[in-house]
Every structure is written in C-alpha cells, then in structure tokens.
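For clarity, chains are labelled A, B, C and D in written order, and residue numbers in each chain start from 1.
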Amino acid sequence: MSNYPKTRREFLKQAAMFVAGATLASCAPATTTQAPPQGEATQPAAAQPSGAGDEEIQPGVLRRECLILEDPTGTATPADDFNRWRPGTRTYSTGLQQLALDALWYIDPDAGVNGVWDNAVAAEKPIYNEDFTTMTVKLRQGLYWSDGVEFTAEDLYYTVDVQMKNDGWSYTGQFRGNIESMEMPDKYTVVFHLKAPNSRFHSFFTVRWGACFMMPKHVFEKQEDPLAYKFNPPVSLGAYTLKDFDPNGNWFLWQRRDDWQRTSLGLLGEPKVKYAMYIAPGPSDKRVIAQMEHKLDVIHDITPEGRITLAQKSPSSIGWFKSFPWAHPDPTLPAVIYNNEKPGLDKREVRWALTLAIDIVRVAMASYKGAATISAIHVPPTGMYPKYYFEPLEDWLKNFTIKVGGQDYKPFDPDACNRIAEEARKTLGDLVPTDPAEIRKSLGAGWWKYDLKAAEQLMLDAGMKRGSDGKWKLPDGSDWKVPMMSMNQSNPTMNRCASMVAECWSEFGVDTMLDARDNPWDIMSLGEYSANLAWTIETWGGHPDLFFFLSSWHSKFYQPSGTRASGSNSMRWKNPELDRIIESIQKLDFDDPKGIELGQEFIKLAAQEMPITPLMAYNVFTVCDTTYFTGYPTAEDPYTDPVPNWANTKYMFIKIKPKA
Amino acid sequence: MAILSVRDLRAYYRTEAYGISRTVHAVDGVSFDLHPDEIYGVAGESSCGKSTLIKVISGNVKPPLKAYSGSVEYDNGLQKVDMLTISPEEMRRNIRWKEISYVMQGSMSVLNPVRKIIKTFEDIVESHRGIQDKKVFREQVEAHINRLGLPTDVLNAYPHQLSGGMRQRVAIALATMFQPRLIIADEPTTALDVVVQRGVLQMLKEIQAESKNTVLLVTHDMAVHANVADRVMIMYAGRIVEEAPTKTIFKSPLHPYTKHLISSLPMIGVRTTKTSLRGSPPNLANPPSGCRFHPRCPLAMEVCRTEIPEMVDVESRHRVACHLVKGGAL
Amino acid sequence: MTILRIIRDLLKYDSRFRLAFIFLSTILIMMLLSLVSPYNPNKTFVVAMDTPPSLEHPFGTSSRGQDIFWWMTFAVRNSFLLGMVTAALSRVIAIIVGLIAGYEGGWLDKVLMAINDSFVVMPLLPILILLGFLLRGKMNFFTLGLILGVFGWPWDARLIRSQVLSLKERAFTRTAVYSGTHPFWITIHEHLPFVLPIVFATTINNMLWSIGMEVTLSVLGLSDVSTPTIGTALFWANQHGALVAGVWWWIAAPTLIAIILFLGLYLLFSSINEYIDPRTRLRLIGG
Amino acid sequence: MRKFLLHYLLPRIAQYLTVIFIGITVTFIIPRLSPTDPVEAQVSMILSSGSAVDPEAIEHMRQALTEMYGLSGSPLEQYIAFWGRLLRGDLGPSLSTFPTPVTRLIGQALPWTLGLMLTAVILSWIIGNVLGALASYYPKSKLIYAIDLMSQAVRPIPYYVVALVLLVVFAYLIPIFPFSGAYPVGTRPSLTPSFVLIYLKHSALPALTLILVGFGGWFIGMKSLTSNIISEDYVVYAETTGIKERKILTQYVMRNAMLPQITGLGLSLGTVFSGALIMEVVFQYPGMGMLTLQAIFRNDYSLIMGIAIYSIIGVATSVFLMDLIYPLFDPRVRYQ
C-alpha cells in the first residue's frame, strides 16, 4: 500500500472541506429564509425558496404537493411522443412508464411492497402448462383507463397482436419468435400458445426497469398508423395522468387520478403524492445545487463527490444507505468484459492474471471514492442476491482454488471490503462505517487478491512472454495490446473505473490505454474490442432467476466477433457446461428453488473460467430530499428501488407522504 | 494690415519608436504676412515644409507634429486670434470655414466615398450655421455651384462618380461656401492634366477677384505661381529663402535656389540647357548646418557652411536669405 | 543576430511584448519542467487526494490523487504541441493555396477560392464529430491536431493570396517575368519572403484557435481524454464534480494556465504584428 | 444595372451555390466512410433489452431500417436520392428518436438559439464597433482604455472557461441570475409578457457571456480599421472644415471603417445556426448546441448531418445576404 502516502491527509481533507463549505455557503440566496418545519433541515447552505413550500410551480400546484424527480434521460425530445412501444421514443422516464403505464407483473429489484413479486394488472401469476408451451394470463377486474374505458383482455390481446403483426415495434421480434397463436376465452383471460417450450415467456410482460406495457386498444385501433401515433396525451392505466408538459421536453407534470382506486397501484394503497414532476436538471453539479436549494426532491444519480458534498452540506438529503456509501446498488454488474476470442484473452489463465492484476481498492477509490459495492462473483451484490448467492457460496469461495504454476492457489480475498473502508476513511472519516457487518452489507463481501506474483505466473503458464520493454507479448512473441474501452461523458464513474483498471494493468506490463467512447455499446455488440468496462449481467434484483441475462449466453445464439452479438453475450463465451445449466434453468418453473442451485453452478463455472471480471454493483447515487416529502425507500425499508427511471418506482408513490 | 502674420514659427515632428527618437525640423523659423485681397504663393520642392506650414496655419497640429515656438496670428479686423493657442472648439466654431477654408492637397480623396456631394455640403453648413429648411439650403447650394460653373447634378453624385477635375472644383466650391476671408489651397492642381488645371486655376482666380479674399496658394509648380499669384514665397528645407511680388521674383530672383526653380520652368522659345541641381533635398531629421541649401548650391562659400544667412530686405517687398546678398546688393 | 536584436528592442520598448515574454517564459518553463516531473501523469493516487494549494503542491492535488502542478506541466506541453501541429499543417496548406491562387489567378484561383470559401462555411464542430465517429477512438491529440490543421487554413490562405496579388503588381515581379524566370521560382524566391511575416503572425493566432478548440472538444469529452491537456484537465475535474465538491483549485489551475498561455500568445501576436506592419493588423485579425 | 447584375450579383450567386454544394456533399460523404452502420446501431439498440431474438426477425428489421434511412442502393443512387429529399426540405428521420423528422427537432431547437444568438451577435457587433471606433478616435480616454484591456484579456480565453467563471460568479456565488435553462420548470413557453420576462431573466447571463466574449474581436478589428481611417484625407479634411466631431465620427470614420465589418457580421450571423455549443452546455440552454450534443451522445448521424447542413446553408446564406445588401453601405460597389 505504498501507493498511498498518509502525510497530513486528515488536515488537508478538512481544509478542503472547509473551502468547499465556504463556497457552497456563499451560494445561498441573500433572501432571508424561514426555517423549514423540521428542525433537521435547518442548514445554512440549504437555502429555501420558501420554508413551507407554498409557492406555486404552476397555477394551483403547490411546491409541497409536488414531488420533483430527475429524469436521467435529460431533455426528452421530441417531448410530445409517448408511444412507449416504439423503439426510439425518449419520454419513457418522464413519469410515463412510472406513473401512467402499467404491466401485467412487477418484480422488484429490492424487497418489494408486498414481497418481490407483484401481480399488477394481472390477477395472478402466469399459468404455464406442463411443458411450458402455453401461458395463461388472468387479468384483474375493475381496472380502468384514465378516459373511463375498462381495461380488459382485449387490450392485452391487441398489445401483443399489433406488435407481432407489424414491423418496427419494440417487441415485434420477441413475439414473432415465441408466439404461435393467442386466444381470448373470456373478457379477462388471454392464452398464449408458444412455438417452443419457454418457462420464461412471462418476462416480456414483467417489469424489471421496463417491460411490454399494456396498450389501450380503444385508442390505438383508431389510428391509421399506430406505429407513428404519438399517444399524446397518453391515456393512462396507472394512478396518474399527464397534466402538462414542456414542449421542449424539460419537464412533465403528472396529476393523481381522481379515480386512483380503479388502478392496480390504488389496490395497494392511496398514492399520497398529489403531483409529480419529472425534470431535466442538467449535469451532476447542477443537480447537487438544485437539491441544496430544495428544488429537486429525487436525484437519480450524481458523482460520488457530489454525493459527499450533499452528505456534508444538506442534512435533509438521504440516500439508500444512511451513510457511506449511500448509493443504491443497481442489480447490474459492471465488469471488465474481455473479448474471449482475442489472442491472449482466449486463455483462461490470462483472464485470471488480468483479474489478479487489478487492485480493487484503488478501483473502488478511483471510481466511487470508495463508495462501491464490490462483487467477486458473477452476480450483482444487490437486492436479494447476497441472500440467494453470496452467503451460500461464501465457504466455497474461501476454499476455491485455481492452478497457478501447477500449484493450487486460493485467489479469494475476504478482506478487500475492509481495506476499501479503511482507505475511504482517510478522506471521509466518520462517514465510513466501522462495523464489519455494516461494511459487508454496503461495500460487498470481498474480492479477488491483488497478487502480481500469481498473475505473473499465470501469464507464464499461458505461454505469454515478457518483452525486453517489460511489456507482455503473445506466445509467438508478437505485440499484445489490450485497449480498455469505456463510457465517456455519459458515465463518469465507469470511465474513472476503467481508467484505474488500465492503470493497474499497465503497471503489470500490459500494453493498454484508456479508450473512452461516447457510445461503446455498438462496438461492444460487434465484438470489436479487447477489454471493455461495461455490463452484460443484469438481474431482477429481487428474484433469484438468472435466466434474464443467461438466456442469450447459450451457444446457439453465439455470434463470432465482427457480427453483432445476439443479446448480451458480447464477450463471446461458449461453454458446454454453461449450455447445460441454461437448458436446465429453462426447463424449470420460474420460482422453482432448483433455479438457485443452478445459478450457483453458473457462478462456480464463471469463477473458474473468468470470461469477464466482475467488479462491483452499478452504484447509483440516488438522493432524496426530505424537506417536503418523507417515506422514500432506503436500505432499512427497501420496499422498492428509488432510482426514478425504473418503472418499479411507482410503488414509491403510495409510501411517500407530504411532510406538512 | 496683415490678415495673417506668422512670426518665427518652428514646428517639428517628433517620433519615438523602439527607442529611436527622431525630430524632423519641418518648419524652422518662418515669418511672413498675408494681406487682404491677394494671392500669396508658397513654392518649393516636395518635403520642403510647405504642407507642414499649412497644417500649422490652418490649426491642424496633431502629434507627432508640434509647434515649438513662434506665433500665427489671424486678424480679421474685428478680432485677433492666435492660431496656436486657440481652443479646438473655438477654432471649429469661429474660424474654420467661416474665416479660413482649405482646399487640400490631394483633394481627389478628400470627399467621403460613401456620402453624396450634397451631404458633405450639408454636414459643413449644418455644423456651422445649422440648416432650417432643406429646400432653401439646397437651392442655395445649387446657386453657389452654378455660379462656379458646376452642373447641379453633381450634388447627387458620389465622389467616385466624378472626374478628378470635377472633384477639385467641388472642393473649391466647398471651400468658398461661406465666403471666407482666407482660402488655403494646397497643391490644388497637382495630379490634374494641364487642360483641367487651367480651368481650376481660372476658377480660383475668378473667385478671388470677385470676393476679394486672400488665397494662400501652395504648389511646387512655379508655372502656376507665375500665372496666378500676386506674391510668391520660396521655401527650402523648412525655411523661407526668398519672398517677393511675382513679377519681381520671376524677373530678378536673388537666391540661387529661386533661380534654379525658375530656370527649370519650361518656357516657350527658350532653348537654354537647364542646369540641374546635384543632390536631393536634405533630410530634415538631420539638416545641414549653416545655409541649408549649401550642399547643393553651385555658389556655396565657406560661410554658407557655418552661418545661417539672415533674412534681408532687398526692396520694400522683396526679401531674401543668402550670404551672397548683403545689404541689398549682390 | 537580427532576431536577437529585434527581441531585445521589443523587450525594451513594448510593454505588451514584455508581458508576453514573461507569460510565455512561464509556460516554457512549465513545459520544460515536465521533463523532470517526479510524477507520471498517467498514474493516479500517487499523492493525497483533494488537498488545496500548498508549498508541497503549488496547485493542490486532484480527486484522482495527482499533483495538479506537475500534471499541468504535461498538459501545457501537449496543448502547445497540439497548437504547433495544427499550425504547421495549416500553414503549409495556406501558403501553398495562397501563393498558387494569388500568383496563377484565372480559373485555378477561382477553384481554389471556391474550395476556400466552402471550408469557411463548414461547421467545424459537427464535422469533427462525424470524423470522430469515423476514426472510432483513434482521435488522439496528434490526429486532432492534423484534423484541425485541415480546417484551419482558409482565412490565412485568403490573406496570403491578397498579399501576393499586391506583390504581383510591384515592379520586381514584372521584371522577373519579362526576364523569363519560371513563375514557381518567382513565387518561392520573390514572394515567400514577403509573405512569411504574415505567416508568422497567423501561426500564433492559429495556435490560439487550435488550443481553444481542443478545450471545447475535451470539455465535451470528444477528444482523447487520457492525454493530459488543458482541456482534459477540465474534463477530469468535471468528471469528479470538482466545482461542487469544493476542489476549486482543480478548475482554477487549468483556467489560470489557459489564461497565461492564451494571453501570452495573443500579446506576442499583436506585438509582433504591429512590429511587422501596422497597416496589415486589421486584415490579420480573425485568422 | 445590368452591369451590376452581371459583375456583382451573378458571380456571388454562383459562389453561393457552389459553396453550399461542396459543403453538403462533404457532409454526405463523411458519415458514409464510417465503418459503423447506422442500421446496425439501431438494430443493436432495439436488441439491447437483453433477450435473444430470432435471426430472421433481425434480418427483417434490418431491411426495413435500411429502407427507411434511405441507405439502400449504390452510393451514387443514395446521393441522388439524398439531394432529392433535401430539395424537398426533408432531412430524413432522426435515428435516435426515430421516426421523428430531423427538421422537426431542429425546428424546435432553432428558435431558442436564434433568439439568443442573434441578439448576442448583433449586440456584440454594435458594442464592439462603437467602442472600437471610440477607442481609436479618443485614444486618451481612460474608460475606453480599460475596456480595451478587458476585451483583450477576455478574448483569448477559451469560451468554456469564461462561461464557467461567469456562471459560478453570477449564479452561484452571487445568485442574481438563474442557474440554468431558458425558463424554470413548470413554466410553458408562450408569448405572454410574463413569460418573456422570465425568458429574458434566464437568457441574460448566457447573452452576457456571448457578448463579453464576442465583442472583443469586433472591438479590436474596428479599432485598427478606424485608426487607419482617421488618417484618410477625407477625415482630415472633414476636421479642417469644422464639421462637428460626432458627425465626423459617425458619418466619416465609422461609416467607412464599418464596411469590412459588415462581411464579418455575415459570417458570424451564419454561425448562429449551429448554436453556441459550449454556452448551451454550460447554461443548459435548449438550443441547437444541446441538440448537437444529444446527437453526439446518441450516435444520431442523421441529426448531426441535418445540423451540419443547416449550419452550412445558414452561413452561406447569411454571407450571401450580406453581399447583397453590402452595396447599400458602399456606393462604390453599387455603381461600378
């Protein structure tokens, strides 16, 4: 750890904070402000436009009645296009998929309001036949569209039918590939006959961030060209309707429906938030300032530094965790994705060497200032996953060995999270927890060792050679370059993370460089990269089923580099054992506990093969301001995901209460 | 009584650039008087200080030019004004154009290229008297230029649409708008062809004859002086070398330089070989000692190198500065 | 040496040049210091994070655990090099186009000037972005310099052309033509010396433009952000939310250095420009 | 008049059309050199939901998109079709917000940019020229010298830095201006007096930075132009005639010094169409710059191309228009 001089750090840190504080304190408007109703929110830096929230955001819409949330998509253009079923529409996070649309089922990335699974507009879980070739959907009765028309099987049938029969819809391909035929035995039942057995067919209709939402047949069928129809104003099946929006796409104002009882959300309780507005608040720094001025209740994401600033300067701001690392860990897994077909990277030993050459402590510090939730295994350390996968596998992990120089070598390092906490404490002090259990929960359970000697041996085992310049060469002596692709402006923390991984590697003698792109996804899909910091593993979060991302990893969907990967197997990993696991999962019922066992088998296989190096959860610094509203989801009350672009956040609206 | 008397005027250009300062002694101890109702010619080669002299007289002294000593007194009978100390605003209000007007050297380009001729008239008149009625004003201007033999449609033209002679006439018309007592004409005919020159000079002469004002005519062209001027003053290297009535100076020039200037005039029927002077006019940043003409003078003596010749009255209206001329005799 | 004498004279008598000299010397010293930097600019977390300016770290340290002063020595060097690359390339194009168009005239002139004018109306940023797509991450700061060079010549080519047009009228050209000298020879030997002072003045202006462009692109994350430059300094500061995190020195340092560099180059430009020929000043501005 | 048409107008029209032709052709060619296929990019966007899709369905989708984007046929055919669409005012659909036409996105952003930029460019032109002329005409004025120094100091600083500093100072440390946007959330743009007031308040700081950065160039240009003009014969003469100083300054000095600046104004007005990207980013202003940025981050070629085309036509047209009205200011051209 000689990389971290410890001189005067504490003193300097405090000086830095003082300057930061002075800068921010001076940004308070000169107008005198009333103390907010709750004492805890009294803060010199936190200026209030008006203490009670009596000012109007629009005629008749009081600030204290209107929850203001960040739309992370930014300015939604075109603003008047609410056709969520067409790819390319940019208005999904404006409240559209959270407040106005509804789907058959929801799986919560966290614990959920009434458990992880929620039958939303469906009356019960999907009913499959024995061999998973039909799926029957029973719909709730008594749900109404906001224009007063009842929601029935006609709507579900139409939603699937129109997308299947016409080109260009989001689910056209999926539905055509799966559905043989449909029938509607009664007003509230639809039966899908599938082309092949598929125990996961319902996932198209199950919200995890998004899904295939229900279309109002009576609206769309009147359109000459439903695909081009803008669905403006949107007729909602959710508890809110669109009241007004900015034609330039900077804000969208939603109003609770008078007949909210006739919606699926209303069945769970009364939405206590009368108005909700999704806005485009600008880059991270501006969001921080907006929340300090209490003009933005829910921040989707900010830089770790911005979060630290809020932690220090805005006591009314709360995060998922009460203190460090605050962030909500997304059920996705940022990882170093190797193209398993590139020379060198096609060897398991090399991938393992590269893994052991990564100093996770420095990576956590660089990317998240330590506020990262790390994961050694190939599922995100979030939601219910620690319970499903980490805890059962912990002993296995500790004894897990790989061959290094012919010897058994135990690569797992259960202490990594503590070292991150220790390092973070140097700049953040008491904000960082000291309780090991707390650290495990928030920073993750452990990671792989940072062991350059073992890495060196693994490289040699793979036949790699060190050149005279100290750089690693391929077995045939030719140059070996591993550029590290990353996301650029769109994702600062990932970019910072990639930059650090590349630095670790070049210390190890890998010829690498940071290759930051604005839009790496396309290149990733084509496989025209060597290493890439992104994610291919996304999970339900609340539900243990891994088929969500594993489905496309089966070798039958494999595409060689240069052709577009089908689904998320952009690392081009092919393995017969993997195929077996995937096929077995597919034959199981969604909720079959055997699925967890198969999932664990997958994790063991992935640890052995290391097709990608898992790093950490994608931590989202969602910050909620308690000045006007309380009841946000937190790690202590994890009833749903607070990250406001998730359609699942609709559940927040029955829990959040105005303060006054 | 003199309408303008210049006494011992010294005006130098002083420039400083990248540490090198230069003083150009452009006008160095010049004294003369202008009388009412005369055409007074100032002659000399280019860069002998004529233009600088005019700049000082007409009150256009701007850095790097500065008048270091002497006086320029304008006396119109009602008021006496020191042109070197008068405030710019007073000068503009009371003297410029009303009392003293100016036909500039290179008048070809003195007219604003983006403004019609009538507008220039308007600008000038408005600045001095104000214009109450545009129509009346226009009639007055038309009458004025018609009197000078210029067609009316000149007024609606832009400068670039007029010929050089026409522009020069317009300049003269502008200068005579207020019937000033003194008109300073700086090389009014240079760059015009001979036929046009004659017309312009004729016009100038007629105006003077008619309004009995004073014209200070500056030109290097001795032929012009011979034809137009009543008196002529010869300048060389910033100093006056000789001054006399035109007839006298052409008949009996005293200064060797004057003689040279006159002899270089082409005369019909005379076929004497012209004597050309050696050398060129001196650099006024570093003028020769003594008589400034001595390096080029065919008759230079020892004294010419060291002593500055004094101005001597030869006759009542004939003075000369030359060591050869002492006490009125050669 | 005339050059030395000119510099001495300018130093002595032109306060702008003096200031430019001080500024650019500072920059030059910083650039040279990069050679003896104790830190590798590509290594992060080598010093304490987020410490304000102090004797140990004159510009403070960044949230990436880097000493900002020493990092900026590389940044200045690279930004300056970028300016040089751009200027060198665009000068070559400008001189060739300007001389040929001015000297040859006729249809060649018309064609060249049509191309020239097309480049003037070309919206640089969208095109740079399109090229960025095309180069797919090969946009290191050298390539960027070359691309900027390709777009940075039209103003100056026009300027050189007009200078050549006026030179053409002068007697010595005609004499040369009548004596049968090859036009190319005339161009190189007779015109180039007259054109060079303009070239020099526009070089500085062009460098200013190119360094400024790099800042714009980097701030938007459209350049190679792993190379230290003035622009990438701001980029990384933004990525770490330096402004609201109170790490103001991380933004202040590149800003200050940009101001010193830009003012230095700009003052040098205007001073030299005036020294060369005050009458051409006007036409040079905007290149 | 015929001569004017033949020798002044026609060559300029020809030049105008040539420049647009070349410019647009280049923007057509560049994206087509790219190895990234917009169709493939779009396909991968649709597939990015993570689940496996029938290859046949993908192929179908690919064909449909190729057709829709106008990418079918040989490059020459595409080029001809491209001009055909362009001449009908159709820039094709935006790829990232398919099928919204590019023209619609631009039409939405353009008014914001135009309003702000036109004001800022024209104001900085006027301020720069007036002050520049004054500076040269009254070289001794302390105030003008101070302005001179300031403009020289600001001019070379990268625009981003200036905008950022102003934003921090006037919206953060001394919060007299709004922090971002063109209007607050909850407000709908309309042509009511109250909205105009809100708009002005929000646009003040962006406009101020644009003017601050913009006027220096005009100032310096005008100053040196003027210092040349004041030694022209007609100015010296005008002073000798006793014409009032203000008239000399405006009608003699500035009128003439302004002429080259008018052409410059044409160029600047043209750049208005591409927006001030950095300004819009710093101030979150909803104009063409933000649209450009959006297009970058979403790999939206057709939108970038549309913006480039607007910008090319904008600059060329504005230069052309300036050429057309130039004779009004300079009679020498008019009557030649």
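In this text, a contact is a pair of C-beta atoms (placed from the backbone, for glycine too) under 8 Å apart; a residue touches a chain by one contact, two chains touch by 3 or more.
Small disclaimer: the values here were computed from a predicted structure and weren't measured.
Chain nearest the geometric middle of the protein is D, using mean C-alpha positions. Chain centres computed from CA atoms place A at the largest separation from chain B.
If each chain is reduced to the centroid of its CA atoms, chain A and chain C end up 44 Å from each other. Between chain C and chain D the centroid-to-centroid distance comes to 23 Å (mean Cα coordinates, whole Å). Per-chain Cα centroids separate chain A from chain B by 91 Å. Separating the CA-averaged centres of chain B and chain D is a span of 54 Å. Residue positions 23, 283, 289, 489, 518, 523 of chain A are each in touch with at least two other chains. Contact of a single residue of chain B with at least two other chains is seen at no position.
Contact of a single residue of chain C with at least two other chains is seen at positions 136, 220, 222, 243. For chain A in complex with chain C, the residues that touch the partner chain are 3-9, 12-13, 15-17, 19-24, 283-285, 288-289, 302-306, 308-309, 362, 365-366, 369, 427, 483, 485, 488-489, 492, 495-496, 499-500, 502-503, 506, 513-518, 523. Here chain A touches chain D in the complex through residues 23, 26-30, 57-58, 61, 68, 74-75, 77-78, 81, 86-90, 167-168, 170, 172-174, 176-177, 203-204, 210, 228, 244, 246-248, 250-251, 253, 277, 279-283, 286, 289-290, 489-490, 518-519, 521-523, 525-526, 538, 548-549, 551-552, 554, 557, 564, 566-568, going by the rule given at the top. Chain D meets chain C in the complex at residues 15, 18-20, 22-23, 26-27, 30-31, 33-36, 152-153, 155-161, 164-165, 168, 217, 220-221, 224-225, 228, 260, 264, 267, 270-271, 273-274, 277-278, 281, 292-293, 295-296, 299, 301, 304-305, 307-308, 311-312, 315-316, 319. For chain D in complex with chain A, the touching residues are 36, 40-55, 57-58, 60-61, 64, 95-100, 104-105, 108, 112, 172-173, 175, 179-182, 185-189, 284, 286, 290-291, 294, 296-299.
Those residues of chain B lying in contact with chain D across their complex are 58, 60, 91-93, 95-98, 101-102, 104, 106-107, 109-115, 119, 123-124, 126-128, 158, 160-161, 174.
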